[in-house]
């Protein structure tokens, strides 16, 4: 599964997800699935895909069909743009190619679908992202605290978190 | 659970394995729902050793966070520092001199051999045999002495710096390593005769807790766990970094996927690492060990990068997002044991308690690496 | 008036019983020291050296420590059974010792059914261990209790089959006579009586393995599997409760090894026929104890179902073959 | 049936080999060091807690430039310097190391340009009171230095 037809598949997601109506309140520009091929040596990954949050499940399906493995889910808190970015790192077990899928979610409503059904490994990663950023993964079987104590209501990795 | 017993009303009870238990190698609790001695469901509860390493990464400068990386997977500490240092170098664009790259590979492979030796001893103790632990620790002690003579520390080395290593290796380190390679090679036949061929060990490990390649891929298990299930995924080969392409070594893969396969992968990896060490010592170039002008306060360019390293337990990945200041904006540490343990719930269903402990031991977990 | 010799007999017996209990306690102490010194030999280290010269007073220190600890009884346990279990484990072991002929003159009671007495007593300690595990209201202990019963049943049968085959050859259950038949040099020992059955050394090995499993030792220590069941049946015991289990374990080893010596290795007879006596019995006993410790520190623990399969599918058929072979050989050679 | 017997024979043979190996290793010399009576020689680069070496005329070479205090990841070094009038360079007046938080990483020793800091070979530091670990490095080391 070479990178070219992966790129084609990702671009298809762009067509299906034509924005219903550019809502007045979408702060940033409509996030098209930017598919950028990057050099592995410089950036550490070969394909950088930006996907609107609701298409995350389709991206995971493409990756699953291409026999990629989910390495990790990273949350990044962009306080300036009031957005939470979720970065999915996939790696191919055969060719060592690496694909990064990014999705941006407004800080006020940090919801995006869970990919636990396709990649059960994401179960713990999503629970950890929920712990640290307050991201809510809809459809996740048990979104309880993983590393923080059960009754923790704070999310430490948010930039505006003060101990 | 045989079909015959389905009809009888079976009462299950919850057994807490840990957090203080001799077989968990650290503070890990597993809530086992047991039916007699068979495990119906095993839910690992982690977080007892959580120190919020990633927040520390954000409020300390790059250089000040360096000692913390050795406290992640302290049994193979070189790999964590190697991953972190290379990620920062990739972002800041620092070139590392040849000799420093070789020294990094040599010390990392020595640490891998030490980590696997510790694992073999601890795995045998989990299965009830106590004597091999003493023999493997005796061999591992020689590595620790070698590394202590060069880096100053025995377990949490803080030896790598951005742009190289902090001090050079001397001749008796090289001579000591060559002597150690010869010594360990002479000990391996004894280990194989004493452990691998032992009928009780083979009965404890063969066809026990088989993990399929698909489960490994689905759960993101890497390292000896996935190589024990038949997938030749090794970061040193697929995404070559540092000077690994210059050495020829092969990646041991066993298709069975049971505890024995994972044990064999690690034993062969010890021999492969010895081969790498030999070649690295032969091709060791001269020259400086530190890049010339590395700024004391490092301010890498804005942007993010990902770097992963083949640690003793799997791929240890560092995703670094920097915003130009001297502190990382976001530092994500992808720990191998985190994903390796996540498949325990799936794979231990229906196992007996001793077999589940053999599976837990064969995953080679270091709990602080999971909790971070 | 009680006749004179009965009084003497009672005095002699009480002295013997006191001596045997001391022997069991002494063995428990110094076998536990051997349990730490001998593996130190295998594992390139020294073993305890601090307490007393070469660590010889270490068992005394351990004993005092155990006695000084308080025996905690959890609430929810069945206190009577909890306290009864250690006693039920140690008493049969000591009673077996009473019947074993240590030498020509040194043996508590020379009863004609000595063999039967030993094996009937030694099956009681299973009940004690199970009671201890069940009564201590701890999940790990109850798993261990269930395991210990299954293990001992599985290994009682081949043990007795081997002994039955032997009794067919010796025509007597009196341990003294069995040893007397093996007088003379070592080729008179039962281990090498090939005219009885060519499988004699194999049956000795079988007896040794079953004795290991009976005493829950070595690769079969299912009931005290540290890495799985924390401390198995005596997780909840502390202080002398644990101490009694400890002494009983070593007493069982001593009983097993001395039975192996009496039945197979010619009791107090010297391998070359000169000056038999108590010392030869003790030498053989402690050589076998060394083997028990040696086996323990060379192998990992078996799984539970492999252990049971080993007995039902391998040891019992082997014991039956040995039995049939002995019958055939006795028929032919008379 | 045949390979069942063969497996039994190979199994018992492997057990015998295992026991022979343990017996053979009894004749090796023990490798353990009896710690209180024998101690190992520490390598030159061993990283004990930090200390201030004295120069020719018995004063620490430190010029109180606070480089090490800034470089320390866990801020264990607190120091004060003063400049006695008539002297060319600054003097140290207080230098305490909080050894409870030190992670022995060596960044302070590397950051010092006057090589006024070095690692001591002091490893047996057991003590009952936590206060002992806030070490005042200016005081001459009371304890004799183990080799």
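Brief remarks follow.
In this document, chain identifiers A, B, C and D correspond to the written order of the chains, with residue numbering beginning at 1 in each.
By definition in this document, a contact is a pair of C-beta atoms (placed from the backbone, for glycine too) under 8 Å apart; a residue touches a chain by one contact, two chains touch by 3 or more.
As the structure is a prediction and not an experimental result, all values here were calculated from the model.
Contact with both chain B and chain D is made by C.
Looking at C-D and A-B, the interface holding more C-beta pairs in contact is that of A-B. When every chain is reduced to the mean of its CA atoms, the largest separation from chain C belongs to A. Chain B has the Cα centre that lies closest to the mean of all protein Cα atoms in view. Computed from the mean C-alpha positions, the centre of chain A lies at a distance of 44 Å from the centre of chain D. Once the centre of each chain is set as its mean CA position, chain A and chain C turn out to be 64 Å apart.
Between chain C and chain D, the centres computed from C-alpha atoms are 50 Å apart.
Rounded to a whole number, the gap between the C-alpha centres of chain A and chain B is 27 angstrom.
Annotation for chain D: residues touching 2 or more other chains are 15, 18, 21-22, 25, 31. Taken residue by residue, chain C touches two or more other chains at 42-45, 297-299, whereas all remaining positions touch fewer. In terms of inter-chain touching, the protein chains here follow a pattern that is not a line, ring, star or complete graph. Pairs of chains that satisfy the touch definition comprise A-B, B-C, B-D, C-D. Only residues 60, 63-68, 71, 131, 135, 138, 141, 145, 148-153, 156, 158, 166-167, 190, 193-194, 197-200, 296 of chain B touch chain D when the two sit together in their complex.
Against chain C, the residues of chain D that register as touching in their complex are 8, 15, 18-19, 21-23, 25-26, 28-32, 34. For chain A in complex with chain B, the touching residues are 40, 42-45, 67, 69-72, 74, 76-77, 87, 89, 91, 93, 95-96, 98, 100, 119-121, 123-124, 132, 145-149, 156-157. Chain contact summary for the complex, chain B toward chain A: residues 46-47, 50, 52, 54-55, 58, 87, 90, 217-222, 226, 231, 233, 235, 237-239, 303-308, 315, 317, 319, 321, 329-330, 332, 334, 338-339, 342-343, 346, 371-372. If you check the complex, the residues on chain C that touch chain D are 40-46, 49, 294-295, 297-299, 314.
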